[in-house]
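Read through the structures below before going on.
You will see two complexes here that share chain A, one where it goes with chain B and one where it goes with chain C.
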Partner chain A sequence: MFEAFIDGLLMILTWKALLYLFLGILIGYAVGILPGLGGGTTLALMLPFIYKMTPGEAMAFLLGMHSVVQTAGDITSILFGIPGEATTVAMIVDGYPMSKRGEAGRALGAGLSASLIGVIIGALVLLFSVPIVRPLVLSLGSPEMLMVIILGLTCISSLSGKGRRALLLGLLSAGFGFMCSLVGQDRQAGILRFTFGQLYLWNGLPLVPVMVGFFAIPEMVDLAVRGTSIAGKLPEGKLTKGVWDGVKDTIKHFWMCVRCSFIGVAIGILPGLGGGVAQWLAYAHAVQSAKTDEERAGFGKGDVRGVIGPGASTGKEGGALVPTVAFGIPGSSAMAILLGAFMILGIVPGPDMLTKYLPVTFSMVWILVIANIVTVLISIPIINHMARLTTVRGSIMIAFILLLCFIGAYCENNHIGDVIVMLLFGFIGYLMVLYDFPRPPFILAFILGKMTETYYYISTTRYGFDWIYRPKVIFIFALAVLAGAYPFLKGKLRSVVGGNR
Partner chain B sequence: MKKWPFLLALVLFFPGGISAAPYYEGKVIKIVVGYKPGGGYDRMARLVAKHLPKHIPGKPSVVIENMEGASSIIAANYVYNIAKPDGLTIGTFNRALPFAQLTNQAGVKFNILKYAWIGSTAVEGTVFAIRTDLPYKTVDDLLKVKTPLMIGCTGATDISGQFPTLLKEYIGLNLKLITYPSSADIMLAIERREVDGRAGSYSSLKPFIDRGLVKPFIRGRVPEKGTEHLPVNEDLTSDKKGKAVMFMFSAADLIGRPFVCPPNTPEDKMKILSEAFAKMAKDPQMLEDARKAQMEVQYTSGREILKVINTVFNQPKEIIAEFSKHVSF
Partner chain C sequence: MKITGRTWMCIVLIALSVGVILTARTWPLKAAIFPIFVAVFVLVLAAIEIFLALFLKQTAKETSTLDFKLADAETLEIDEKTARKRVTVFFAWTFFFFLLILLLGFPLAIPTFFIIFLRFYGKESWGMTILLAAVAWGSFYGLFIYLLHVPFSEGWIFTLLKLLGLWE
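For the complex of A and B:
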């Protein structure tokens, strides 16, 4: 196996493969930063170029591109409060307030270094899971998936904020998210729900326009009202010095960063959950790490841990490759395209990838790691300049950012409905900010809502109600109950300890 | 000296008169795909985009636009109602769209017979496949099954759900349908033995058949290389209505990967495009790329496809009623 590991490295250590890797990184970087272009579409565009490449070169090119998209998307989320990718929304919650406080450099430094750790951990998992990957993935059936989704939903309690009133508002917000997730043609019987005679709504509300509207529009209104630049009126010196502080923050919270990476990996391995979920769960975990109420209240207002957590969730990239490689079954649309690329290269994904083509599999591990190290190295010197964008006058930035929002939303389906959805959810998002409704629970419920329904339906049609008695189901459900009750238990525990004092 | 004003006039009034540039020179053809990047329709469209230009005089550029939604009805409506009939927009959509029109699906704003049809670049035969580790060898074995076979599908409104429904209804197979979010999820469920099999296009199942995960048992009327020997669903039922419904259903297989232009696209442009598609389908480079991507290319002309759709639409009323009972959209 060690030999294959070295062979994998040698496959990409040719000058041509490295050249393609850098080209891929460059394209991925641009795609990640611009909110309109998605990773999937770009991969599909690049597919025709790989026919004449060797497997090592093509993998370096495509995977290099794919693996930096999220890292670069985080930059847009932090600087402008608009998601660079659908998977980088959670980064906004604490990253953008840090920018507003003039700490864009620190936030970027923390986010990028955390995402580097995430990728490396993801790659290590991909490496070490080779012998056990098949039994691992196969041991999780639909009922177990349902329970994992429910475990994810319990994060609503920690995403809602502190206190009874906040929890109530959070649950209301999540309920609304659930309702929005039900829009569209129901999968089981083909019934149309809340579509109001619009074909556009058959596929449900599109993720990107909803998120862009929900987070970016209220911020733009706020920026316009403040009448300053994003970072307000701050001395410039502070702004550009923070990068190393951010890196130090990541080192300080290293173990939390590692835990968040593993959350990312786990979500990545489970096919069908998707990258968006990974960042939110990692964020929720970061929030849970708050030790006191004051610390807890700081989240959402620019706590650096709220940047490190989502950043580290890039571990999912390594995880997501596992089902694609080991079963030939893609977990996302980007992975589906990558699978198409495998076939063009004459590699049949499936069990063979873990034996006959092991060096190819290992070369992917290497590409993930090298691409992200390069990305971070490229970024660190230019972050300072990027951070300065937050000092540009608001009246100029608003026009530019809104343009990006419109393009980003429209590119989802090339349909005018995307723009309308974005504006509508911008309005709803603004009202929610105005009346103190937390927005993250909405997004989590919106992403997980339809999946909850689907997997509940599958579990029940397949197994009747017997699935409830499966040991793994009971175990994960117990975890979910524990996670849901955790904030209250912690409060109780603290008051008991405090009472003794 | 007297001649030069005449020459000037000639040059001024007939700038292109001397060497007529081909219509497509310097133009961009847009292929509107009704699905996300990465799926079968998208991959075929991108293959076409790569190889079509060299067969059209003037070598235009070909670009892809993904317009996802409503099982590609949105894209079909766009090509029918909004795109200009100038030969610069081509649409590719769900091969089962004729059924959407036939069963009066809400939201359909096209008449499938009135598109300017270029044709189809592939035949997509449907097969019904079961896990190889199950003890069944023949269709007779399947008919004797006591506890229902669990069949994964992606919805009651597509081929993966409708093909097994017809088998259940008219052949009497003991099946239970379970709906998954995508066919990738079904394959994973088959791997972990949560479900026993599925129906789908042969091309999409082929990698899993080759690897020995599933084995095909029954096919629809339209064969593909490798499925000729399988029993055909129509032959397994004695129900006359059932036979007719299954025949109608097989029309989608022949339509495979359809390519159309907006209605009333001028004849001359359609001739160029149809000829280019026919030539492209025989182009060795195209076939080599397709083979690498594990796709089969087979051109069926627009005229032939229209003939098939017409036969489907001209079935007796009671057969169409029976068809609508099982095939919704």
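For the complex of A and C:
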């Protein structure tokens, strides 16, 4: 096994594989930074180029590209408040306020270093876990997956506000997200739901335009109202000094970072939940880690832990590779495309990947680590220059960000309808921010809506309502109830603990 | 008893939920059950929120979220009216950009918007305005048209001119 591990490294240490790796990193970096250009789509676009490559070269190219997309996407989220990737939305919540406070360098330093830790942990999990995870993943059926989604939504809903009304508002927001996900052709009966006779809406509301509008437009309204640059009227020197502070912050909150990485890994392993969910749950955990109400109140206003948590969720990449490689079950849409790449290369995922192609499997571990180390090493020297972008005049930023929003939305389907959806959800997002409706539960429910319905349908069709009594379902549901009750119990628990002391 | 913006949003959500329930009744059960469940869920929660907002005193802490906050006029030392005006102006410019895209198509709308926006909203000098418009257009053209070959639709004006035989 050790020999295969070294063979895996040697596979990517050839000049050709390294060249493809760097090319992949470069493309992934650009794709990650530009909103609207999705990592999955780019992966698909690059598939025709791998026909003449060896498995090692192709993996270096594709996986190198894919593994840096989220890290680069985090940069856009922090600096401009626009999700660089659909999976980097949670980074905006605290990263962008930090930029506005003149701490863009610190936020980027923390985000990148947390991301690196996340990827390394994900790669280690990939290395060690294939034999352990197999029975776990295969034991989760549709009812359990449905409950995992409910658990995720309850967590994010109860943690998205400060008061006891948080759960109510969070769930209301999630319900609205589910309602928006209903648009399009129903998967079970083929009925067209709320398409208003528009062919464009048959596939449902497109994800990227919804997210770009939902998150970028309110930030730009804010910029327009303030009439200053993103960082306001802060002295420029402050911006460029925080990178190492950010790295130190990650070291200071190392264990939280590790826990968030494992959350990423777990979500990555569970098929279909995707990177956006991993970031939000990691964010929810970061909020949960606050010890007092005062500490928690800092989240959403630029708490560095709100950057470290989502940053560390990059562990999902390693996690998502586990079911893809071992069982041929892709953990995300990007992994499904990677699965297609395996087929092109003549590799059949499954036992072969643990025997015949074991060096290829191990080369993936190396690629994840090397690609992200290179990305961080490239980024750190230029972070200060990137941070200076936050001092550019507001009107210039608005013009360029609007341009990115319009193009980013349009490129999803090359349809003007995407732009309209972006504007509509931009306005809805603005109203939600204005009237204190938490946006994270909406986005999570919107992403998971169709999947939730499918799991619900399969569960009911297959088991009737008996699925409710399955032990794992009861266990996960109990966790969800606990998560929901957390804001109510927290104060009482504290007074009990305080009283005992 | 004051009806806030949030209460109005809840009223809209209730109306949407009722709409979903009424529409879903005509669908087969397997297509309708989830929408109805979600709509009833939203309806009940929105009704509870309205009840709490109207009949229970709420503190600022109870109603605040862990999300991005818009800068308020008080902190910025501007009056509410100015803040509202800036929001309206922003949305008007956004809509103007959208309108330009519809009429001229992306390749022409981008430099046009940049020149008008930066000159009149941003009050930049002509030199800076033209330079930034060129950078925006150049990046757009180089990346999305030249490299990625994204098919951008032409503007309505050109479609109309083609129909009239005035443009090829």
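Criterion: the second predicted complex is superposed on the first by the 483 of 501 C-alpha atoms of A that agree within 3 Å, B and C clash if a C-alpha of one lies under 4 Å from a C-alpha of the other, contacts with A are read in each partner's own complex, and residues count from 1 in each chain.
Assume a residue touches a chain if its C-beta (ideal position, glycine included) is under 8 Å from a C-beta of that chain, and two chains touch if they have at least 3 such contacts.
In this text, all values refer to a predicted model and were calculated from it rather than measured experimentally.
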More chain A residues in contact - chain B or chain C: C
First, second, both or neither for A:Gly340, with chain B first and chain C second: first
First (chain B), second (chain C), both or neither touched by A:Leu403: second
Which superposed partner A:Met220 touches (first chain B, second chain C, both, neither): second
First, second, both or neither for A:Tyr457, with chain B first and chain C second: both
Which superposed partner A:Ala72 touches (first chain B, second chain C, both, neither): neither
Chain B versus chain C as contact partner of A:Leu182, first or second or both or neither: second
Which of chain B and chain C A:Asn414 touches, first, second, both or neither: both
First (chain B), second (chain C), both or neither touched by A:Tyr51: first
Partner chain(s) touched by A:Ser395 [first = chain B, second = chain C, both, neither]: second
Residues of chain A at both interfaces, chain B in one complex, chain C in the other: 188-190, 414, 457
Partner chain A, residues of chain C touching it in the complex: 4-6, 9-10, 13, 16-17, 20, 23-24, 27-28, 30-31, 34-35, 38-39, 41-42, 45-46, 48-49, 52, 58-59, 61-71, 73, 76, 83, 86-87, 89-91, 93-95, 97-98, 101-102, 106, 110, 113-114, 117-118, 121-124, 132, 136, 140, 143-144, 150-153
Chain A partner contacts - residues on chain B that touch it in the complex: 36-39, 42-43, 46, 49-50, 64-71, 73-74, 77, 106-107, 150, 154-157, 176, 178-182, 184-185, 187-189, 191-192, 194-195, 207-208, 210-211, 289, 292-294, 328-329
Chain A to chain C touching residues, read off their complex: 34, 81, 92-93, 96-97, 159-166, 168-169, 171-172, 175-176, 178-179, 182, 186, 188-191, 193-194, 217-222, 224-227, 287, 296, 299-301, 393, 395-396, 398-400, 402-403, 406-407, 410-411, 414, 416, 419-420, 423, 426-427, 431-440, 452-453, 456-457
Of chain A, residues touching chain B in the complex: 40-41, 43-44, 47-48, 51, 137-142, 185, 187-190, 192, 197, 199-200, 202-203, 271-272, 323, 327-331, 333-334, 336-337, 340, 343-346, 348, 350-351, 413-415, 451, 454, 457-458, 461-462
